[in-house]
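Okay, so chain A shows up in both of these, paired with chain B first and chain C after.
Right, the complex of A and B next:
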């Protein structure tokens, strides 16, 4: 009995003393370990850029694109472990398209995709490579597009997609807020993810007529998602009203109790 | 015929409840200048009662299984009527309890109420504070979120720094080499059964000590006099005082209302204050979130560990600091309680608070 008590006490004390300990850690990857110690384009630059990227946030690490074994220092970059390394310029769309399948398809059919063999734009021309960020409509801009051609057509495409893109980003922001307060937004997130990906693959076609024809379908899908989000936000609003009322009641209760106490003080 | 009166009469004839109630309520006199800090005990009792109630309700749907824990918490939050409210009250309540416990301890320290003959009251309170922290730590793991998993991993990892028994201690706490199903099982058992039982027993002892020795008079005002330590047991009486009930219980009630208002306000308007984003993702043993940090009340210890050249030294220094605080009434044996007459103590007291806040902020922003 005494031994059990002492064991439990030891367990409690050990837990207590150790609770303050913590450490910062990251995805286990020998790629990051080695390359972050190197200088230049094969070292600190890509690793630092990757840390800021959307890929890092979504846990897409070096080996997910470049292949190899992220757990084995010696054989990490051997062909046996599937190491691919850096793709040729024209092979970049296929490289990225292993994950971004739909976008690659539409890109391939576009003018951009058709001239990639001749130095036309590939994925990283607009999106960067290791520092790739969440794609936004701002990627279509005069400075970027004018590197190769006039901005007239991109401006038209941007105008055509801007309303739907605006709705998409507003809905994404609403979903993020709902997630932060504990709502299960799994299905909403999936719906938005799917709509956004399909919409974005559409404008990789850079075909203004096709974009005009298909945008309405995306707007309708987003309207359904918005209705669900509105319902959840209304629920949240109702909760806050109820919470506010409860807080006021409790404060009122406290004040009444203090007033009652004053009457006792007056009696003293 | 009044049924309530009849019931009390019936009990009174058998147990003398009227005398008991008079002795502990109306006839129990407290110092006239008793201040607001003395209500923190009642606030804490109310908060613990609420934790017990919300915790019991959460137990109805929570599943302590690594495969199902996170899903069950998500279900509580989204599908069970008012489940989100019950869980948030529990989470926010646990954090507020630490705030109120700290305030309670700091007020007791400032007013010198820990001094003899109240050593046992202080020690039992100090252990209760530590049990509260263990309550929080064990509860932290239960949702099996990314934060739960990794915060527990790094917290238990430090035991490895202890010479000779370090590795065995880590394995003992985790029930294996890594945080796993067994860790969840033992933390769950501790959180819902072991700790509440120990806590209840200790709260009972703490209250017994408070009642038996008597409430200490606040060391303020012109009429305050330092009293000598009696040679035999002595209950501190306050003959010119105010009755505990209703004069003081109504003040307690007011403060409980205000504390609950704070709890409800955070629960409804800013629940994210105590729930970092990593707590919203299910545990992934293969991905460590960057910059994982302990809860705010452990940040001081986390940062202190980083300052020392090795973990063992850091752990030992924390152990010494906590041990010193626990044993303070045995080191500080003077009977003077007035802060104005204890400049050295007040200086150290303020420095201690500054170090706690400074280390916590440093830990947060590091």
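Right, the complex of A and C next:
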């Protein structure tokens, strides 16, 4: 008994150690090792900010944006290893757009994108650089937008998209709930992510007429997703009722078994 | 006039029948749940095969269509050779677009790139695009 317990304990410890070491292996980067020891904008600030970011959560590390070799201390920042470094201000959209292709496309067509060469806003003006977070419509706010222009137009855009954004958030939390109780939500998750991404592309255009014209299409797509979610939630409700009924039935079975036992006692 | 109470044997038989009925019902419910759990998911039987006219698919071009309620694409990389793929990126589910100039798919969400065969060329997608069987039927292409 004691031997079995010790074997199980050792097995658990081995699993913990293995998962721990693989996680640390994935996050080890010579960039972080060196720069976290430096002070200011070349060191502790960007590395600390990056650790709080959505990029860090999805393991998008320094070299994914800045290039270079995250495994070689000596040659990490050489052009031969693809090091890019920090882009010029007007080159930031292209820098981020290497991954965020669709958003860059809509941004380029927008007023923001057309004036970036003259100091207009680029990606980090609204999203920050190393501390980039999951985008929400709260990024459109008076304090942020008023740094460059009046808040009238952004307020209109925010009002226009807030209903659809609200529906998106509610559907995402419904899908998360369905996932927690064991439903296969792969397709729903894909559909929602795709719709959300395309919708957010749209408001990078900062074109109120375009946003008004195209929002209805997104609402229709979300309505279809909602219908599927409603159907799954109904199924869940039916399962709960059936499960409850089955538990009651088993309790009833237990009572009947007790009564049967009593018939033997009466017999004696 | 009152009836004589049932003997323990009679009560046992009666209760045994009730218990057996409850057991049978519970076993049926468990069995049905297990059967449903192990059964393949119904993806909509009527749309199992889609017919696309050959003319719609240019050589080196792509034609997007819906297959089992999901975006799909058929290509003609070389004359008379057709490939049908899911158009849903395997990273996070965005719809890929066909880039004629580079003859590859690009996902607008995070720049996943796929070859005309569906294989990953770059970016974050963890696996190739799903492929569908293609049968040529006269001037039509049967997919699925």
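By definition in this document, the second predicted complex is superposed on the first by the 205 of 268 C-alpha atoms of A that agree within 3 Å, B and C clash if a C-alpha of one lies under 4 Å from a C-alpha of the other, contacts with A are read in each partner's own complex, and residues count from 1 in each chain.
Operating definition for what follows: a residue touches a chain if its C-beta (ideal position, glycine included) is under 8 Å from a C-beta of that chain, and two chains touch if they have at least 3 such contacts.
The shown structure was predicted, so the numbers you read here are calculated from the model rather than taken from an experiment.
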**Q.** chain B versus chain C as contact partner of A:257, first or second or both or neither
**A.** both
Q: Go through the superposed model and pick first if A:194 touches only chain B, second if only chain C, both, or neither.
A: second
Q.
Just checking: does A:247 make contact with chain B only, chain C only, both, or neither of them? Give me first, second, both or neither.
A. first
Q: Please work out whether A:99 is in contact with chain B alone, chain C alone, both, or neither, and reply first, second, both or neither.
A: second
Q. Regarding the shared-chain residue A:179, is it in contact with chain B (first), chain C (second), both, or neither?
A. first
Q: Determine, under the contact definition given at the top, whether A:73 touches first (chain B), second (chain C), both, or neither.
A: neither
Q: Spot which of chain B and chain C makes contact with more residues of chain A, would you?
A: B
Q. In the superposed arrangement, what residues of chain A touch both chain B and chain C?
A. 184, 242, 246, 250, 253, 257, 260, 264
Q) In their complex, what parts of chain A are in touch with chain B? A) 8, 11-12, 14-28, 59, 179-184, 239-240, 242-244, 246-247, 250-251, 253-255, 257-258, 260-261, 264-265, 268
**Q.** Of all residues in chain B, those that touch chain A in their complex
**A.** 32, 74, 77-78, 84, 87-88, 130-131, 133-134, 137-138, 150-151, 154-159, 169, 172-173, 194, 242, 246-247, 250-251, 253-255, 257-258, 260-261, 264-265, 267-269, 271-272, 275, 277, 280, 286-288, 290-294, 298-302, 304-305, 311, 314-315, 318-319, 322
(Q) Applying the document's contact rule, which stretches of chain C touch chain A when the two form their complex? (A) 8-9, 11-12, 15-16, 18-19, 22-23, 25-26, 29, 41, 70, 88, 92-95, 106-111, 123
Q: Would you tell me which residues of chain A are touching chain C in their complex?
A: 98-102, 105, 184, 187, 189-191, 193-194, 197-198, 201, 242, 246, 249-250, 252-253, 256-257, 259-260, 263-264, 266-267
